[in-house]
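Next, two complexes with chain A in common: one pairs it with chain B, the other with chain C.
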Partner chain A sequence: MMKRHLILEDGTIFQGLGFGSPATTFGEIIFHTAMTGYQEIITDPIYDGQMIVFAMPVIGAGGIHAEAYESVKPTISGMIVHDLAEVSVNRQRRMNLDRFLKQHNIPGLYQVDTRQLIRHLRETGPQKATIVDYADEHAVDQLVATVLTNKQVQNTATPKPYANPGRGRHIVVIDFGLKHGILRMLGDYDANVSVLPYTTSVEEVLTLDPDGIILSTGPGDPRTLPESVLTLIRVLQSKVPMLGIGLGHELFALANGAELKPLPSEHHGMNHPIQEIISRQIFYAMQGQGYAVDGETINRKKLFVTYRDLVDGAVQGLRHREFPAFSVQFFPDAAPGPLEATAVFADFFETVEDYVEHYN
Partner chain B sequence: MANKEVLDNASLQRALTRITYEIIERNKGGQDLVLVGIKTRGEFLAHRIASRLEQLEEVKIPVMAIDITNFRDDVLNHDDSLGLNDEERTNIADKNIVLIDDVLFTGRTIRAALDALIHIGRPKTISLAVLVDRGHRELPIRADFVGKNIPTAQNEKIKVFVQEIDGRDAVEIVH
Partner chain C sequence: MSNITTNKEIKKVLFIGAGSNDFGREAEHDAAIYQVMPELRGHGVEVFVIDENPYALSLESLAATTFWQQLTVENIKKIIREHHIDTVAPLFGGQSSLRLWAEVVQSWAYGDGTMPNTLGLSIDMLLKVNNLPVLTAFMSEHGLPVINNYVLKAQDEANELLRELQLPLMVRALHPNQTNTRHVVERLDDFEDAINLAKVQSVTQEVIISRAINGLKEVSLEVLRDFRGNKMQIGASEDMDPIGIHTSDSLSVSPILTIQDQLIGKMRDYAFRVADMLQLQGIMHVQFAVDDETRRIYIIKVSPYIDQMATRMALATGYPTMLVAVNLAMGIALEDIVLPHNFGVNAAMMEPMMDHVVVKLPVFPFGELSEAGVSVKRQLNSVQKSIGTTLGFGRTFIEALEKAIRSAHFNNASFSPTNMANINDDELIQQLIHPQDNRVLLLIEAIKRGYEIDELAELTAIDEFYFYQLQHLHTLEVEIEADTDNIESLRRGKRYGLSDGLLARFWHTDFNIIRTLAKENSINVSYKAVEPSAGEFPENARQYYATYETENESVQIHDNAVLVIGSGAFRMGDAASGGYATTITLSELRRLQYPTIIMNNNPSDATLLPHLADKQYLEPLEISDVMRVVELEKPQFIVIPGNRRKLIKALRNLGQRVVILPKERHTPNGPNENQSEFALNLFYDGHDSYPINLTQHMAGEMRIIPQIAKMPDDLLATHIDNPGVYQVIWYQNTTHWKEHVDTSNIGHDTWLRPMPFGQVAYLTKAMQIQWIRLTIRAATNEMTEEDNAMLSTINQRLTTEQIGVIASDVNYRLHLQPSKVIDGTRFEIGVSVKHYG
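Right after this comes the complex of A and B.
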């Protein structure tokens, strides 16, 4: 394996060995503390264009499984690990991580001192980074000159509507860069799913006569999306039961007048205890967020906080006071992550049933 | 035959949580709200919903428990007593009452509870929350908030267990 380098925007350089694609890559570097589920993480569209450092010291032992994709094509810009397991324990043995990254033209770096790197990133926060063969001045200049895209949602969300048919309730998913876990969960309820682009108009959504609406997860800063998305949410939330997840939660908050703030320490992992305020129950779920809803800006006449992160108090869930509309910042689809939070989907479907019975 | 569990501990908690959210949605923040639990198990459910409301809204919602025995249509010579002392008798006049019971079946218990409530005062509104709606109504009564609809046969029995007196939370169908 060839010696390669990771250069951060602040000038810090780490050495490692290359795997996956031999290309030069640029992206925002973040770290992930999940100990399982690397395949789901690297294929999750929420990490579009980002470079992920794994805190888990050995990555790759699970190979690549057909059932663990969160998108058809991974779009991360790089993967940095301490130790790369070259022998996969995946009994199918169809694919290993190195080959997978090569196929998708994603560079990886291993034999990196990830403890040092993560300690550094905890202090600086996410920043631009590049993986290159030679850490010379030219490479540093290139990195500084590179402007990263803020069009991640456009890169990952569907441009055209499509269906995932079922025989149950009709659920419209507004796609901001949907992960497969959400469709899998909807499949568990035999939902008849229509996935629509986020540019769809209110009329087009209502013409489909949905029983419920899901605002999907997605990458990037929701404030870069057009105002029409917020209008769409404001109208739909008053008509049909709604569940926002991840980016969908952030948009639900924005649509109802709350503001976002960047987290001093981003949450990417599944080790934060989260409390459901109403029942005081504590559980764990996968999180992937660089922003959180600013609790101070929530209009208590419109919304109330339903879940909080017990590590830093960050808002993890909201509910509308007047409409059957609610949202969660964490990922209840458990792909990967603990199964404890999947009840959010049960809540959603019970709300849908209740609404259909009372108002139709 | 073995009992069939239709709601376990976790789903019973979630049902109460959802009912609480819906009460907030339809009562615009819980002003003038009084929860009335029908004894025995409705009382405990009312207290649980009240503590949930308190967690969320940081307000204390009055809870009252009523014993409707004397208002039943199969009890003769009733003496109109609700088994409440003055302290327990929350003033219900012009309040939004949410009547809470464990199981909605024929609707006769609810009719008795409505009579009992109107006997004490004139509420602004009365709505009904039940943990389980099992169907087979004999009166024109329906619930506004339902934890779980459980279609049943007439001869089946629904048994609700609550932590406070039964030591566990569950709903079972007894054949």
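Right after this comes the complex of A and C.
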């Protein structure tokens, strides 16, 4: 393996060995503290264009599994680990993490002092970074000159509607960069799923006569999306039960007048205690969030806070006072992550059943 | 039925200690109790503790009223009655305390008064947990995946069952009279014997039979639950060795490396459901069998109490496990727990994450026994054979493994790599299928001989990941060996945790040359903190381990600090007394206001408790490891057990000031069965010797002779190097306890030796004099007037209470199947107090 370098925008340079694709790469660098689920994490569209540093010291020991994809094609821009394991577990015994990243043209860097890097990033916050062969001035200039895309949702969300048929309730998923975990959960309820582009009109959605609507997870800053998305949410929430997840939660908040603020320390992991305010119950869930809903900007007449992160108090869930609509910032699909968070889907389907009953 | 306590009702708590050490019972419970008693005290609770083990630190705690008594139902009832105990805490003493407390509860009679509550568990659940078939059925009713147990009394019932179930079968005793009765029956011929053995081991002569699940992966999860039903996971590990090898004898790894998130999520969910089912308030260890192929999971053991997994995980993650567990047991909610200031505000509620790998290696008694001419059955199976534990910390599996191997510092012939070369292929295959303690070397040997990884994985039921890793290690070693004096090779070797000693062996040189070479080429150690946020939040860590990376996080703590070298894993003959001595040393040094640093790698004793030292290095204890810490910390002196002669010599050669805790290199020879060992015990303060008393040691039992000890003049002149407790030893042909012995002419056929730590612990408790503390004060010139006054009259003090100690009844036959009787005086594992007279 070849010596390569990670350069941060603030000029810090880390040395490591390359794996995966030998290409030069640019992206925003963040760190993740989850100890399981590396395959799910690197295939999750929410990390589109980002470089992920893993705190977990050994990555790759579980190989690559058919059931652990969160998207068919991963779109992260890089992966930085301490120790890389070469294990193949698929039937052909030929797909380890290194080959997987090569296949998807994603550069990786290992034998990096990831603990040092994480301790550095926790002070600076996320920043631009590049993985290159030579850490020379040219590479630094390139990094400084690079403008990262803010079109992550466009990059990952489906441009065309598609169905994931089932025999249960009809759920429409508005796709902002959907992860498979949500579809898997809906499958557990045998839902009849239609996944629609976020550009779909209100009429088109309502024509499908959904029993419930899910605003999917997705990457990036939701404020870069067109105003039409918020209008869509505002209309639909008053008509059909709605669950917003991750980016979908942020959009739900924006549509109801709240504002977002960047988190002083981003949440990427699954060890923060999250409290359901009404019951005081604490549970844990996978989190991947750079923004949170600013609690001060919530219109209390419309929305109330349902969950909070007990580490920094960040809003983790909202519910509409008038409509059967609610949202969570964390990922309740447990892919990866603790199963206890999947109770959110049970809530959602209860709401859906109430709604269906009401109309019958 | 719920009589779980809320904190307002708790005024007087009695802790039940774990008792004498045994296979599977080191000092983890004592360490836990020692740590949590002051916390309860801080809540305004009056604390009591009973234990029979002379090495119990909790019996020397200032936070509690202590009872050094045999752990019996009567003694516990008596304490409860006389001291109006309202709450009993058996869960910190582990399974044996739980069992004993269940006995007390079941024998509770009207005249005994109000029965105290149980901290953390209702009586109903306590009794369920204590009865395996009942617990299994209870879990099954709750829809949890368990392996069905069949309880039977008669052989013909067993034969009936044999027709229904397939071999292999697991046979064990119901209501066992000892810790470990599991037997896996693979051949029909062994079935009857196993049933008969288990019957004998059962108090009720009943046997449990279940399907054996050999070959599956064994996984452990440690979880917490508060009274509101909030649950969290605070540790997880996987065993490299498959089920069929006792988990204590397995190489275990944290965090879990080879199992997918979805399966771990399921196990977590099951563990949480068990905690809810038991309405637990506190800590629980759940063991699983995992079938990677079919993705099936079985719950194989539920331990809602402190065990080795709990203490190991606390050390591996840096999470304040014991403090949180006792708060939860007290009925305090997870979000209301207040931790000492050096933990983050939310530390109790954040699930600990790891950015390092911890490998646990068992330490077996085979080497010591073979030196004494005792051969034992080395093949590993479902009955525990190891007696100690050691941890290796690193940033890769290989680094952690290498450090764990070095921490275990085997004095074991079977660990010689050349030995492996002599094994023929048939033997190799046989040993791969029926592994022994040296299996890691065996696996490397198999890789060397070109066996395919999938073939080996199939044969051993060990995950392929480990073979890839060992292959990597093998290649690395071959390359380094071929590349003498190459700096890049040295750098690679250090990065993967190879020691200076090993590299020196590869390059036919001395460790000091390697050390210098590394230094000259800026291959420097970097210490990383062990803290539960994996770097996410600023830490205030005290625990560090060494690795070779760019950033070092450890800075010199103080220019006046003292470094204490621990005694590592438990071994035969030492039992828990080494950890006892080290812990008291740390405590005394702190009392003398020295900033303290401890180096050790044993997770099962108190030496590495979070607040015992100002700083901890979780490291092997070889000279190169110690010197790296010394170079950074520049301690004013180093305290070290006297048996580490090579290390002491090397440190002195490198100009270090060493303070020795006197200890013999080998476990003392015991007297034969017609003899007694007599000792004239004395304290040497660096200038003078003070006779203490006389003791007699016979058939594993020891008593103080009620006689004033006098030093014969010729002995007074004997040269002693270091302050400490010593004894003049002689044997006499007698099997009677003496009231008096003639010491006037003991100059002949006697010898002087440092008193074994175990006996020091005994004298400390029996005489109420802190001998280890006094030794430290003498060695640091901190003796007081009172000390001197006490010493000058110490031999006049006759203990009136007749307290002896006796080696506990360890079932060697079950665990080791030794070729001859193991001498209990020489190879003690556990001892307990004995009141005689």
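Definition applied: the second predicted complex is superposed on the first by the 351 of 360 C-alpha atoms of A that agree within 3 Å, B and C clash if a C-alpha of one lies under 4 Å from a C-alpha of the other, contacts with A are read in each partner's own complex, and residues count from 1 in each chain.
In this text, contacts are C-beta pairs under 8 Å (C-beta built on N, C-alpha and C of every residue); 3 or more make two chains touch, one makes a residue touch a chain.
The shown structure was predicted, so the numbers you read here are calculated from the model rather than taken from an experiment.
Once chain A of one complex is fitted onto chain A of the other, the partner contacts of A:310 are limited to chain C, with no touch recorded for chain B. Look at A:343: by the touch rule set out above, it reaches chain B but stays clear of chain C.
By the touch criterion stated above, A:351 is placed in contact with chain B alone, chain C being left untouched. When both complexes are overlaid on chain A, the residue A:86 reaches chain C alone and has no touch with chain B. Ranking chain B and chain C by residues of chain A touched puts C first. Judged by the touch definition given at the top, the superposed model places A:277 against chain B, while chain C stays out of reach. Once chain A of one complex is fitted onto chain A of the other, the partner contacts of A:115 are limited to chain C, with no touch recorded for chain B. Contacts of A:319 after superposition: chain B is touched, whereas chain C is not reached. In the superposed model, A:36 makes contact with chain C only, not with chain B. The residues of chain A shared by its contacts with chain B and with chain C are 280-281. Those residues of chain A lying in contact with chain C across their complex are 14, 31, 33-37, 40, 55-58, 61-62, 65, 67-68, 82-83, 85-87, 89, 93, 111, 113-116, 118-119, 122, 265, 269-273, 275, 280-284, 310-311, 334-340. In the complex of the two chains, the chain A residues touching chain B come out as 276-281, 301, 304, 306, 319-324, 326, 343, 346-347, 350-351, 353-354, 357.
Contacts from chain C toward chain A in the complex involve residues 228-233, 255-262, 264-266, 268-269, 272, 334-335, 346, 349-357, 395-397, 454, 464-465, 468-469, 495, 526, 528, 533-538, 549-551.
Residues 10-11, 13-15, 17-18, 20-22, 24-25, 28-29, 52, 55-57, 146, 149 of chain B are the ones that touch chain A when the two sit in their complex.
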